[in-house]
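Letters A, B, C and D mark the chains in the order given here, with residues in each chain numbered from 1 onward.
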Amino acid sequence: MPDFDLAIRGGTLVTAADTVRADLGIRDGRIAAIAERIADATRTIDASGLLVLPGGIDSHVHIAQESGPGIVMADDFASATRAAAAGGNTCVMPFALQPRGSSLRAATQAYRALAEGQCHIDVAIHLIVSDPTPAVLGQELPALIAEGYTSFKVFMTYDDLVLNDRQLLDVFDLARGAGARVMVHAEGYDTIRYMAEKLERAGETRPYGHALSRPQLVEREAAHRAISHAELVDLPIVIVHVSGEQAMEQIAWARSRGLKIHAETCPQYLTLTAEDLKGRGADDPMAGAKYVCSPPPRDTASQEAIWRGIQNGVFELVSSDHCPFRYDDARGKLNPRGQQSFRYVPNGLPGIETRLPILFSEGVSAGRISLNRFVELTATNHAKLYGLYPRKGSIGIGFDADLTLWDPNRRETIRQDNLHHGSDYTPWEGFSVTGWPVTTIARGTVVAEDGRVIGDLGHGQVLDRTIDPALRPTG
Amino acid sequence: MPDFDLAIRGGTLVTAADTVRADLGIRDGRIAAIAERIADATRTIDASGLLVLPGGIDSHVHIAQESGPGIVMADDFASATRAAAAGGNTCVMPFALQPRGSSLRAATQAYRALAEGQCHIDVAIHLIVSDPTPAVLGQELPALIAEGYTSFKVFMTYDDLVLNDRQLLDVFDLARGAGARVMVHAEGYDTIRYMAEKLERAGETRPYGHALSRPQLVEREAAHRAISHAELVDLPIVIVHVSGEQAMEQIAWARSRGLKIHAETCPQYLTLTAEDLKGRGADDPMAGAKYVCSPPPRDTASQEAIWRGIQNGVFELVSSDHCPFRYDDARGKLNPRGQQSFRYVPNGLPGIETRLPILFSEGVSAGRISLNRFVELTATNHAKLYGLYPRKGSIGIGFDADLTLWDPNRRETIRQDNLHHGSDYTPWEGFSVTGWPVTTIARGTVVAEDGRVIGDLGHGQVLDRTIDPALRPTG
Amino acid sequence: MPDFDLAIRGGTLVTAADTVRADLGIRDGRIAAIAERIADATRTIDASGLLVLPGGIDSHVHIAQESGPGIVMADDFASATRAAAAGGNTCVMPFALQPRGSSLRAATQAYRALAEGQCHIDVAIHLIVSDPTPAVLGQELPALIAEGYTSFKVFMTYDDLVLNDRQLLDVFDLARGAGARVMVHAEGYDTIRYMAEKLERAGETRPYGHALSRPQLVEREAAHRAISHAELVDLPIVIVHVSGEQAMEQIAWARSRGLKIHAETCPQYLTLTAEDLKGRGADDPMAGAKYVCSPPPRDTASQEAIWRGIQNGVFELVSSDHCPFRYDDARGKLNPRGQQSFRYVPNGLPGIETRLPILFSEGVSAGRISLNRFVELTATNHAKLYGLYPRKGSIGIGFDADLTLWDPNRRETIRQDNLHHGSDYTPWEGFSVTGWPVTTIARGTVVAEDGRVIGDLGHGQVLDRTIDPALRPTG
Amino acid sequence: MPDFDLAIRGGTLVTAADTVRADLGIRDGRIAAIAERIADATRTIDASGLLVLPGGIDSHVHIAQESGPGIVMADDFASATRAAAAGGNTCVMPFALQPRGSSLRAATQAYRALAEGQCHIDVAIHLIVSDPTPAVLGQELPALIAEGYTSFKVFMTYDDLVLNDRQLLDVFDLARGAGARVMVHAEGYDTIRYMAEKLERAGETRPYGHALSRPQLVEREAAHRAISHAELVDLPIVIVHVSGEQAMEQIAWARSRGLKIHAETCPQYLTLTAEDLKGRGADDPMAGAKYVCSPPPRDTASQEAIWRGIQNGVFELVSSDHCPFRYDDARGKLNPRGQQSFRYVPNGLPGIETRLPILFSEGVSAGRISLNRFVELTATNHAKLYGLYPRKGSIGIGFDADLTLWDPNRRETIRQDNLHHGSDYTPWEGFSVTGWPVTTIARGTVVAEDGRVIGDLGHGQVLDRTIDPALRPTG
């Protein structure tokens, strides 16, 4: 019997620290050997000329999530994990959302049920706490954390999700005691409402109004506030989807003071701008709705600032914030109310499949970041921060054989026609990239190959996790 | 014949990114395999309960360097590499110094000759450019860089080393074209002279006067100046031995603006203060001379700031700046002129053997930094920045088998009696640490074991290098 | 008939810009002439050796204000203006507070009625908006502003006063349109409640708990938030009673970005610390209650920072935030609930009479600020920012003859026994000062002389005001 | 006999603090009375509808200064003070320059001789120390300071003027002991030489090369260095003609740390840009030479930054840095060597006559600064910082009757044809302004009226000065 189920030969292995030429031996879905030459395997994949990367982990995706009356998210677990696998990912982390007034546990159980048996790749579930009642704080949330739902997101905006400052402090306090990781959506609720109503009164109801209603200071102020709360409670937090230079400066300032503030950004903040919400010159007055997400994309100066932040370490995570809606759909971007005002255009972009190629191309191929930094930003830090490490996030003995074979020289153009997600458009239609995932291997099994998803729906598992507080990327 | 010359079994491997339980197989001095279990080896070392770290690389040490009339450095290559090996290092980088008015090439050749055949571990030689004449800039330096001396240090102070701003700009320009790495000693020459003369006139001639003559702003101003020159020339530089919060803030500011400024600090700036130059209450009025180094240690606020900088990524290197003199020696700290004024006390501390235990204990054991960050700060980043990577600096297939087996729980007290360097004292006499290097393996050969250096003097080689500009730790 | 009703001869006149030796001629309560020599007057005051300053304007005092159940403020208009006059002031600005659920207009009228005929010196009334209902925003407040109540304060904390962010934005918007000046009490409500409840649960109920419940970041966060709102609405605001370095840094940052943020501080933040809330070593466990005010005094580092901010222009106003309660009184600091928890100790210090001597002594006499800056900080800027200029706030033709004759060399010790306010203690008992107001002249009439208040209660008038937006101190 | 020699009636008096309607009575060249109405005067000027401002003080002008071989400055004292008077100034401060290798005293005496009897308005002479020999530091400079030459400028660039850091520290030290005010030209000598030679090698010799050779970081670095020296010596300094945002940020940073750093800027940095050195589209390839000054004008972002600095108090002085050369003149801008390379185009712009109208129009009329701030920036602060106060710089009893009657509404277009300076061009040809000086009164005598200079050449005196360290504008 051969030593290994699978050998990957001739590739260049990349971790967050190192780049080496070596073969990989895989047994029982895990990496069992790394060596100059591994010959004795049941199956062999030739990775000559390719990079062997840890499979992408996308720790910020929305799948099949409740999205308000009449609105339906464009992906279920099957389509989302299919698209993720095609895009070089081996694990994604969606959110079980507590509807206000409901049980967090019930919501979590129902959401997990949607995932079980419906995933091409592994999935780990964050929670969204929208209603920190005494029952939630006193019983449900601590129990769920103990069971392995060790991370949750809180919102500083949205009518049905926003927590006030007292609630934020209370959940931060709980997280500190329970060892959970907290993600913060930092935009100021009241400020957005004030702006949105003002814009509506002025008749500025088109999708572009969404960008006008959330200027950078809205995000900066909320970031400062979240940082202050984290400082008071002495809790490390993750500020997600940072879009602008001003919020980034708050985070950099906090870190220079020794605070443990982690930060995530997304491809949309590196490649899109608020101008896109004007519709890119299309005749269709609603075309800008395709780019409505929160925070909104900013301008080229902020793009450059965010790149600087990626380069100098402010950002430790690049996620997609995949939040897919169909455009030409009465239950999506073109719902009737959304056509009346930007306030009702569902917020979010599909991006689960395009995150890795865009970041690789604009980052690594363009000379902005190293290969190792790419791996850190797209896999290792996600695993470390959210409790998947050392099972996932790197290439090493004992790790799940979650791997992406990457062709650094392949040039592709992103086209909706070639994508696997449930949405009917991509914001990056026509975007050219250099570097492409050619094979995705999840726990030792090839799940996608050259654009075809070939794995079983039941291959992916729902993972429980424990956060190791020492595994923060920095320090 | 067994597959491997040496197997290291049962240890926990640590790289800058990952921590995994695995065995190592070594062949021909290089790492040939990493696997769950490696059985088939000529020799086996049991590393159970130990960490297996990349051997320490100390990229900033002074060995057998010309030190002015009547002063002799306390280490030659034999003693320095002996001490380094005992302290867990597998490579050190001393400096070939060009005496002003002399040929850089001649100095380099003479210095290399001192090293050849006299080293327990590998050595790579930086240059010190003190006299950038047209001949040096036009011929010698470019040729030496092409031959593998790909890094050099410049000084902004010291009578016989200081370069003026024009010279700095010219050598920066040359380095940019030639692909060399430049290290900068950032303290302002004129300011120090002004202060020293003022202190002497006031009768403040004791060793403590050394600290008074170099307040933080002396370092801050020079750091700002070096940064400005690097910005103009568009050259990444390394600002070495950063001692104080003020210089650190300049570096952090530069990086926030997107400049590629690298920074090194040393254990003395994390554990000593200017108060030590007062002699720690000893009767001996010269006792403070033991702590005279440049920049001088500061205060506890700066220690905390430097720790913050280590944690949030400002610092990418921790070196020893080993610069050993004997204390009780007329050719060392107690030379006759030095007893008249601090200006003639030779600058420098012995630290090559204590760098790793001190940083491990105060950093990792004290919970300030992760194991991975320790490896990055003491080995990987040195190799990447100075062109030793991917030969050295990590644990991976094809890397030199430069390894340190580290007992993270062993408690030791630093004592001069137990050290191997040529100096007659250590500034850390009596300092307690948790964590200790128990075995040092250089290119597959055990060179130090439990405090005994057992390798041959000829084992170490003098390495040539090529700088890969993409291998900067950040970005 | 003499040309002037009153001549002040031989003094040194000080304005915010200039210091000159000249005589003053006063007619009909106004300054009619400034000359080398003014001889022809009905009455002459010899000011030889004295400074002639614009009378102090204290734009932040609380008088006879509703203070919650069972609590009574220690000053009515008679006693407050008596104390103010004795302390060198000629105008004070208290607040008409809108109780939540009530009419702002009614509250204002009732409050004005308390003042009419009961004042030794002039009074101008700010509003406090605690309940910005549609009626208040749509009718009452615009009308009151038009009638001359051109400034109002909003609170970001206190159960019965706090406005949420939306309310803040709405009143900022209104103020921008109506040309009103907005003062902001910047402390975060939810954060304070969170801390207070936590401290109570931990049994930390003594007065010192008040300081613990409001660390600097509580003030910093609220300052940042208020600045962001002001930036969005494009409204200049005044952040009052800034106590700490962290909030100050936010203000300095905002101003460096071109935002029009004005800032006020108070003598308590220059001379007291949180340690005072421990009771200064008194046996009485409640003694610290004498120093309970919001924000609480900080530490000596913050004192120095605030002085720097006064020197470099961050602060444009020094007010007293006089908010007097009796100590040994069941309706004051020692009310029954206050003895149970710091949360019920009424917030505030008496300071209307001591502001000028303390700032003069610690500022001018100690060499920290110039005479002109003293005048600017205590009179001119108050008049300019709050619409009393050019009637009040300087010495010039046509200004009200509001003057304080000041002996810069007189040494005094502050004693409760010598003060005129309604409180039974002063926080500065025993505090020694150099510089003292010897005569206060309000609209040409001597109202206080050497510690005796000799004016009529009816002399002071209630003034209406118009804000001139161009009269900001800076720019 | 009337009480006053001159009455100025009906105007609005403006000081750095106040704006009041009042009449002025002048006797013996000084202000003797300010009153509602002054009737009894030998001569009366009707200032109805006009502002009465303190005459402009231009503390940074170059007149008849040695300018290198073959180059002649375009103004002598007669023409410079004629132009200054026409432009609303009543005092200017040129520099007595010590040629290196020569006596500072001899240079000063020779320079003063040029001025005596040749000035329309008063003049006070700064020194330029280019050669701080022991004789200069030990005897000449202290003696000259004691005689009333209480301020001097030092240069960090220019071949024949540059001081090295040690010399800067020594003269700072002397200034501190002697109570002199030091002005610093902050640009880095070596950096400029490096850039200039590089540009020449690249054939970039046109006037625009001047701007390229002095990027903002050249000024920023020198400013940081000067600040550090000032910090070490504990000496307040004035950093003159700040042109760019980056240097300004250093100054703001220094002040936030409590350092006493004063800053001056000039109209050219508010209205011109480096693009002007390209010649404004003229056919003449040398046309850009008209705008060659040091530091060079920057860009519109820096203009906005400098305005912010004026508004928020970073800048306390606006001077002209008048340094006039003729353009179409072989001894001026078009000298033969200057046509070969920008390095030989004499540095400087004529601006003594246009400073006040440009700043008034762009500052006061455009709503950026108040009238009082205008007076502070153009007169009061100059007098205070350089020892002319309280004789000059404001309107008050005992001050010299140095006054400018200013029509705030008059619209004019700046034209070389209408100017009185010795240069043959103005950089502001065609620049439209609102606000114009209509009458200039120097010590009670009208010296310019509606564009005609009518005073005697002998009217201006050379003034000695004493610096009062307490009279810094801030603090």
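Throughout what follows, contacts are C-beta pairs under 8 Å (C-beta built on N, C-alpha and C of every residue); 3 or more make two chains touch, one makes a residue touch a chain.
Predicted, not measured: the structure shown is a model, and the values here were computed from it.
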item	value
Each chain counted as touching chain C and chain D at once	none
Relative to chain D, chain with the most remote C-alpha centre	A
Rounded Å distance between chain B and chain C, as computed from the means of their C-alpha atoms	58
Chain A and chain B, separation of their C-alpha mean positions in angstrom	40
Whole-Å separation of chain centres (CA-atom averages), chain B against chain D	51
Multi-partner residues of chain D (each touching 2 or more other chains)	none
Pairs of chains satisfying the touch condition	A-B, A-C, B-D, C-D
Chain B to chain D touching residues, read off their complex	164-166, 169-170, 188-191, 193-195, 215, 217-218, 220-221, 224-225, 228-229, 231-232
Sites on chain B touched by chain A in the complex	13, 15-22, 25, 32-36, 252, 255-258, 308, 310-313, 367-370, 372-373, 376, 380, 390, 394, 396-399, 470-472, 474-475
